[in-house]
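A, B, C, D and E label the chains in the order they appear, each numbered from 1.
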Amino acid sequence: MVESLEMQSDVTAGSRLLTVENLAIRFKNATANTVDGISFGVDRGETLCIVGESGCGKSISALALMGLLPMPPAEIASGRISFDQKDLLSLPAKTRADLRGDRMAMIFQEPMTSLNPSFRIGDQIAEGVLRHRAVSPADARRRALEMLERVKIPAASERLDDYSHQLSGGMRQRVMIAMALANDPDLLIADEPTTALDVTIQAQILDLMRTLQQETGTALIMITHDLGVVAEIADQVAVMYAGKIVEQGPVQAIFDDPQHPYTIGLMSSLPSLGERQSRLTTIAGMVPTIDRMPSGCRFAPRCPFTTVTCEAQAPALSAVSDRHLAACHLAPLENHLAEAL
Amino acid sequence: MRKSLLAALLLSASTVIAPAMAADLRIGLQEDPDVLDPDQSRTFVGRIVYASLCDKLVDITPDLEIVPQLATGWSWSDDGLTLTMDLREDVTFHDGTPFDAEAVKANIDRSQNLPESRRKSEVKTIQSVEVTGPHQVQFKLKGPDATLLAQFADRSGMMLSPTAAAAAGVDFGANPICSGPFKFAERIAQDRIVLEKFGDYWNADAINFDKVTFLPIPDTTVRLANLRSGDLDMLERLAATDATSVKGDDSLQYEEAVSLGYQGITVNVGNGDRANNPVGQDARIREAFSLALDRDAINQVVFEGAFAPGNQPFPPTSPWYDKDHPVPSRDVEKAKALLKEAGHDSLDVEVQVANNPVQTQLMQVVQAMAAEAGFNVKLKSMEFASLLSDQSAGDYQASQIGWSGRVDPDGNIHQFVTCEGGINDSKYCNPEIDALLDAARTSTDLEIRKEKYDAARDILNADMPLIYLYHVTWIWALSDKLEGFTPYPDGMIRLENVKFK
Amino acid sequence: MKHFAQDTILEARGLGRTFTRGGGLFQQRTFVRAVDGVDLAVRRGETLAIVGESGCGKSTLARTLVRLLEPTKGQVLYEGNDIAHLPARDMRRLRKDLQFVFQDPFSSLNPRMTVGAIVEEPLTVHTQDNKTTRRQKVAGLLQRVGLRSSMADRYPHEFSGGQRQRIGIARALASDPSVIVADEPVSALDVSVQAQVINLLEDLKSEFNLTLILIAHDLAVIRHMSDRVAVMYLGEVVEIGDTETVYGAPRHPYTQALMRAIPVPAPGMRSMHADLPGDIPSPLNPPSGCRFHTRCRQADERCGIDGPTLETTDGTRQVACHHWRKVTEDQTRQKQEPPRSVATAKRFSLYREWSRKKMSNGPSSSPVVTTTQRKDKNA
Amino acid sequence: MLSFIARRLAIAIPTIVLVSVFVFFLQKLLPGDPALVLAGEERDPETLAFIREKYHLNEPILTQYFYWISAMLQGDFGISLRTNQPVLELIADKLPVTIQLAVMAMFIAMIIGIPAGIVSAVRKGTAVDYAANIIALSGLSIPNFWLGIMLIMLVSVNLGWLPASGYESPFVDPVRSLETMIMPAFVLGTALAATLMRHTRSAMLGILRADYVRTARAKGLRERVVVLKHAFRNALLPIVTLSALLFGELLAGAVLTEQIFTIPGFGKLIVDAVFTRDYAVVQGVVMCTAVGFILMNLIADVLYFLLNPRMRTAL
Amino acid sequence: MSVAGDIPAAGSKEQPRSGNRAWNKLKANKSAFVGFLLVVFFISIAALAPLLPIADPTATSWGAIRNAPSAAHWLGTDELGRDILSRMIWGAQASLLAGVVSVLIAVSVGVPFGLISGYFGGWIDQIISRATDALLATPFLILAIALAAFLGPSLTNAMIAIGLSAMPIFIRLTRGEVLAVKTEDYVEGAHAIGLPTPIILVRYILPNVFAPILVQATLTIATAIIAEASLSFLGLGQQPPAPSWGSMLNVAKNFMTQAPWMAMWPGIAIFLVVLGFNLLGDGLRDALDPRET
């Protein structure tokens, strides 16, 4: 696996597809930004996983990338999103819609509800093709069939005229993937695509996504809360907490050398499949709500290592090593805390 | 001239349609008539339709004189037990059946013997009908009956085609066949009754319409609006409160006639236990109640002065009215005195009233006036159907009710106050009155009859089982296009000689 | 490996629950055998996990065990007495001993009752305590699950998911039960909160000498919490045994596939090829014979005709597969994260130490915690 | 499908039987002796007795019910006590009128209510939404009969644009028919439009939040297509079902409107019949409206069935 | 020891109770607040009618019949010279009473039936449901007219008639809500702790179906006020001389041309009070909806 990923990076290396700079999203009447100045980039063919617990702003960021964030009540408070050298936020809505489903596509968490129950799935796939390509309906339908076959739906030609409720959850997610990839997008955003699925089906879908990504060279942003999924599919990882990216870097670095106390806490909270621990280490407290957002480091109230500085000043995301960034005043911990102890 | 919007557009689009051809008359009625069978029907409004549909043996003049219609002449035997009638010879029914003496016999037989007949009481004095010639009949009576001719001027005198009646039986009303100026075309319940001109009518020259449509429109405002917009050519029973506005409208004509009927308060004086109360038992209290009312003011307040205040079963304009007992003017002091005399300073009275706006308005005025004399009137408003059954069962103290009126005075009084009177809900019983009224109905001498009625009035005015209040005035509003309409006190619409200008 | 007193506290014998669907307007009447002939013995004091994918009947089994659902066949023995056919009144009395914790912390608490009233209710029903005593007990229970007793006057919607789950646990504890059935108690929670609740459950279990029946789909959680595990597939138990044995060397092909599919939070640990093809068949129309045979690589003709029953293989482990002998154990390997670098390991231990320290010092807002003796299981 | 309808009908039968019981006993409880009303002003005792005999009015109520229901089962609805017309004939006369009124009202309601509901859902929280809601609530709050009276005053009496009352069959004189019906249809339609608007709005609001609408947007579809195709297609299901139910209510609900505009439909027939104690008509018409209502419920179910692929493909 | 990790950091700040929360949401909802004000306004004038310096609503004056609005009679006089303003104010009593009492009747009869039908199911549900269907299939106003005619025209009887006619709505609504609530985990939880059925019905089911019933009741008050007006309009409601808006309209329609104000005011008043209840009901629906925050 590692080999194949490297091979792929070679092919497309250095070609930046998407850059997000200092993106902040705020909801009407909120006292703090829900997403607070996040920056990251995705290269062509690369997989970025954004990981975090519910309410950390990862899904909202993804919707903002797609231009699907309902505005109002949400608004982009600041930042830049450039996609393929285009400044997305300054594009007129129509032009953004032209990109959507064509150059950038998205799939969602709930395969059960993400397909329109009133239309046949073939038509739903073909619709996106017709919207963006000058093809005949028959060609679009042919493309839909081809896509269903690519996502390995058995008896695809018969399934073309099915309604979504006739499919299982896994099959629906395959259809969603087919729909998203029908126009060969440069970027696919997947928002918790496997969370609602059973573990064996989850493995199938992840497998499929990876295979298709290798075939098409599509860049992938995967939103997830599941570190297992991250470990399996990511090239790059961004860990989000309370609207901020707290740590960011290549997957290996994040897992082997986590820097931010939140990342460490998250990993500690997971029951191990290895040796049985007597107790799980936890992260105390809970995620702050938007109206009680701490002014300094947003993780400070829950962090075991909080200092006065942490409460006063939000740490910037700074490099720990090449491409590995962490937003902690005390990173790396062992250096700072050795003295404190 | 108001025209409906779309119709106006249509008219302007097409060329002018010959206005002369529009000999269709549209009449707005206050209610939907009941069954269109003169032997079975019972509503006032039905009679308005019959006036154009069914000729009667005799008719009345606006002055209530009996005049020939299908009968050309008649004579009474000296004993008053035989009425010989000569019949018109040029009459056929709408179905072509000729009208003759046999037809009359058959009709009387039907009125007497059809189980569903509502006419039985009206013709019950007839012993038999003898056909004395092709166009002459003799009515043999069980006893003298002065009211008979007047009955023949109404539904009992309406002649139905005997063939049709025999064939249809009780369902005659679905397709009534008479001999009137118009024949039945169609009926859509609650919507319209359409009559068409009967070509072979004996008096066809006097008829100027090809078609008459009766449209029941209960709401007076809407009925008037339809007249104003030209959707109706005339309407009956204009609300008294609209009289001024119609009189002031140049495009409308106003016609009125004081009716034969009356409105009043029937007091339960002997109908079961509920009669056992001061009002039911003490005539002085009833008189006090009557004196507490200002009948003119009632007329002004409720009917804008359009109706006729009254204190007898006949309106003051009627020849039968007893001028010795004029409409009393209000005397609250005397009313109080009478009440005191009867042992009361104040008294509770429950009066039931039909729950329509006009009658309740009337009774609220009465309530306010009576209060000043010490009567604490409680109104019990109820649906007409319930009111009737309570009244008939004696489950009431006093009841506001009226009578549509009959041509013969007997019809307005006999059955209400004689001991065995069919509609004597008051259950007033006085042998003296019975004697007087029986005598009045058997004599054909008008003078004698008048004397008897006056004598009865003297007693009844003192006993006062019914407190008469006023007499409805029939009001018609007509388009100014019409001419030749004559108002009759019976409220009918006779279309002879009525025409568009 | 821990050994418990070997007496059985709760036992299912041939337990089955069939749902009748339709017969309504739109459907033909259909029968779903959500649980079909399950034999299961729960030992006193153990944690037994029931695992399986959605629709396998694990929740139905859990409910049927404590008769929240009426079984349609078979028996449930509690302390040797059949409770499946107990009169409703007697069953109500027995509920003191058999408690349930629900999955969804948002819907399992009556939104119109205060938290105090919710926790108090089992005391009202099952004890003779007076109001004051009950109030005191409620306060103690709330503190025990990590809430402040002053929170008793609040309503459930004022609490976070983790707190609600604590309230649900407090309610279950109130009547001093001997068995708690927890249906996916942590699956609706975020990872960090999930760990808190898992710890709480484990503490309480030892403190109150509970027997815990745990329904879950998260294999890592089960691995962490349970002593024995029963794997279900389409209404049937396919494998049951000590957790270590089942995880270490699963025998049933389905268990094996399940184990292989577990995502491991370490890059490159899971085999990237999903080896269990196809979908779970509809429980409306389960396959004949072995219900797993449509997806099983080992399946032969016999599997389609003849359903296997649970056989004891080694020790106490039971497997329902005709071919368990052929299925080699070494196909699966113990999943384990790779060892951490020294610096990283230090960071993790620092985190653990500092967390513990911070908590025992207590944040300013933390309640006065009753210090209860805790028996460390593995100590 | 057929078996579904059959099952649905099987449920309707006990309902109809119960309606018949309600209707019969309820109006038997009505005070007032119909014989008195029917006998005419004179109330001749012989006639009274005859009428009581003829219409079984003096027999035990259960016997009367038995007479009625057994005749009904043979298709004999009896005759109007008032006009002697067969009730079935009356119903046949009035039904088209009421249906025409209901259809027109429904049409008006739909062309106002549905677009307004869509717009206000799409523009949720804006002035447009606010205004549409207030107007809809006003439409619901205006007493029908008062609006009718006011319109007659304004449009017919003062402006003289439209006839104040009456009815003409569209097959005889379509223009006149439209003229007479447009006002009452409007009066009925306003309240319905409000109901439809509110339901459309809430259905659309729910659906616009649905994941598949987001999916449609993610495909880059134009907002118009997203709203009108993806969202509205799904909102149609509850809207059509509701419309069928509303239509069923309209059949019986036009009581006062028909009264005010003097439209010879079911509503007027039944109110007049109640007041004149025309038992056979009350029974016949209420049974008929109830069956109509139940039928529309059935149609609503069938439409739900036909429009919903989930149901359709379940067979 | 797992300590109260996830207690809100600022635990001192008390969160509002659910009742307060609903009230705050209601206040924040402008249109609902307008509705609330309208309802309060009409309720207070109805309640204060005896204290207000207005003419006797039944005092007739033959000299001032159907006078147009003037300084003496702000809203004009009616067909008996009575002051319309004071009749409007006293009439508010009848309308509001009719609305509220009839809904109370409908709720107190309908909700228990709905509870029983929904909770127990089976044949009892079948019977109640079929009877409800049958009542619903009978046109509301016809049912009300027939009942009112049966009981005899009076305000009380109109309220009973409207209440009974509106009852099936509440049976059906309650039944549906109970069916939904019945499957909630917390009801299963109530079984799990061994609560007896009556307690489950009263403490678990009823409070949780209360909100939609309250909303429906508020909206039904609006319907009932119109129904009372309709019955009075047909002469089956409030009896003379006591005023009610519907009976005022009943009379007024005869004087549409001569005295249009007689019909204007009661119509507007009905409209406003019904609008008030509708707005309030809508607002309550939003405020009590746990999903809308």
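A few comments on the model shown:
Note that in this section a residue touches a chain if its C-beta (ideal position, glycine included) is under 8 Å from a C-beta of that chain, and two chains touch if they have at least 3 such contacts.
Heads up on the chains, UniProt names are A = Stage 0 sporulation protein KD; B = Dipeptide-binding protein; C = Putative D,D-dipeptide transport ATP-binding protein DdpF; D = Glutathione transport system permease protein GsiC; E = Glutathione transport system permease protein GsiD.
Quantities reported herein were computed from a predicted structural model and do not represent experimental measurements.
Between chain B and chain D, the least number of touching-chain steps is 1.
Contact count check for A-C and C-E (C-beta pairs in contact): higher for A-C.
Most remote from chain C, judged by the distance between CA-atom centroids, is B.
With centres set at the average Cα position, the gap from chain B to chain E is 46 Å. Distance between chain A and chain D, defined via averaged C-alpha coordinates, is recorded as 53 Å.
One finds 54 Å separating the Cα centroids of chain C and chain D. Residue positions of chain C touching 2 or more other chains, listed in rising order: 160, 162, 193, 196, 199, 359, 363. Among all residues of chain B, those that touch two or more other chains are 219, 221, 382-383, 386.
The residues of chain A that reach two or more other chains are 282-286, listed in rising order. Residues of chain B touching chain E in their complex: 219-221, 224, 239, 241-242, 245, 297, 300-302, 355-358, 360-361, 363-365, 367-368, 379-383, 386.
Of all residues in chain A, only 66, 68, 72, 97-102, 105-106, 108, 110, 113-119, 127-128, 131-132, 163, 165-166, 176, 179-180 touch chain D in the complex they form. Taken in their complex, chain D has these residues touching chain E: 11, 14-16, 18-19, 21-23, 26-27, 29-31, 130, 133-134, 137-138, 140-146, 149-150, 152-153, 157, 249, 252-253, 255-256, 259, 270-271, 274-275, 282, 286, 289-291, 293-294.
If you check the complex, the residues on chain B that touch chain D are 2-7, 10, 32-37, 40-42, 115-118, 120-122, 170-171, 173-174, 188-191, 215-219, 221-223, 225-226, 228-229, 231, 382-390, 392, 403-404, 415, 422-423.
Residues 1-12, 15, 17-18, 184-186, 188-196, 203-204, 207-208, 210, 290 of chain E are the ones touching chain C in the complex.
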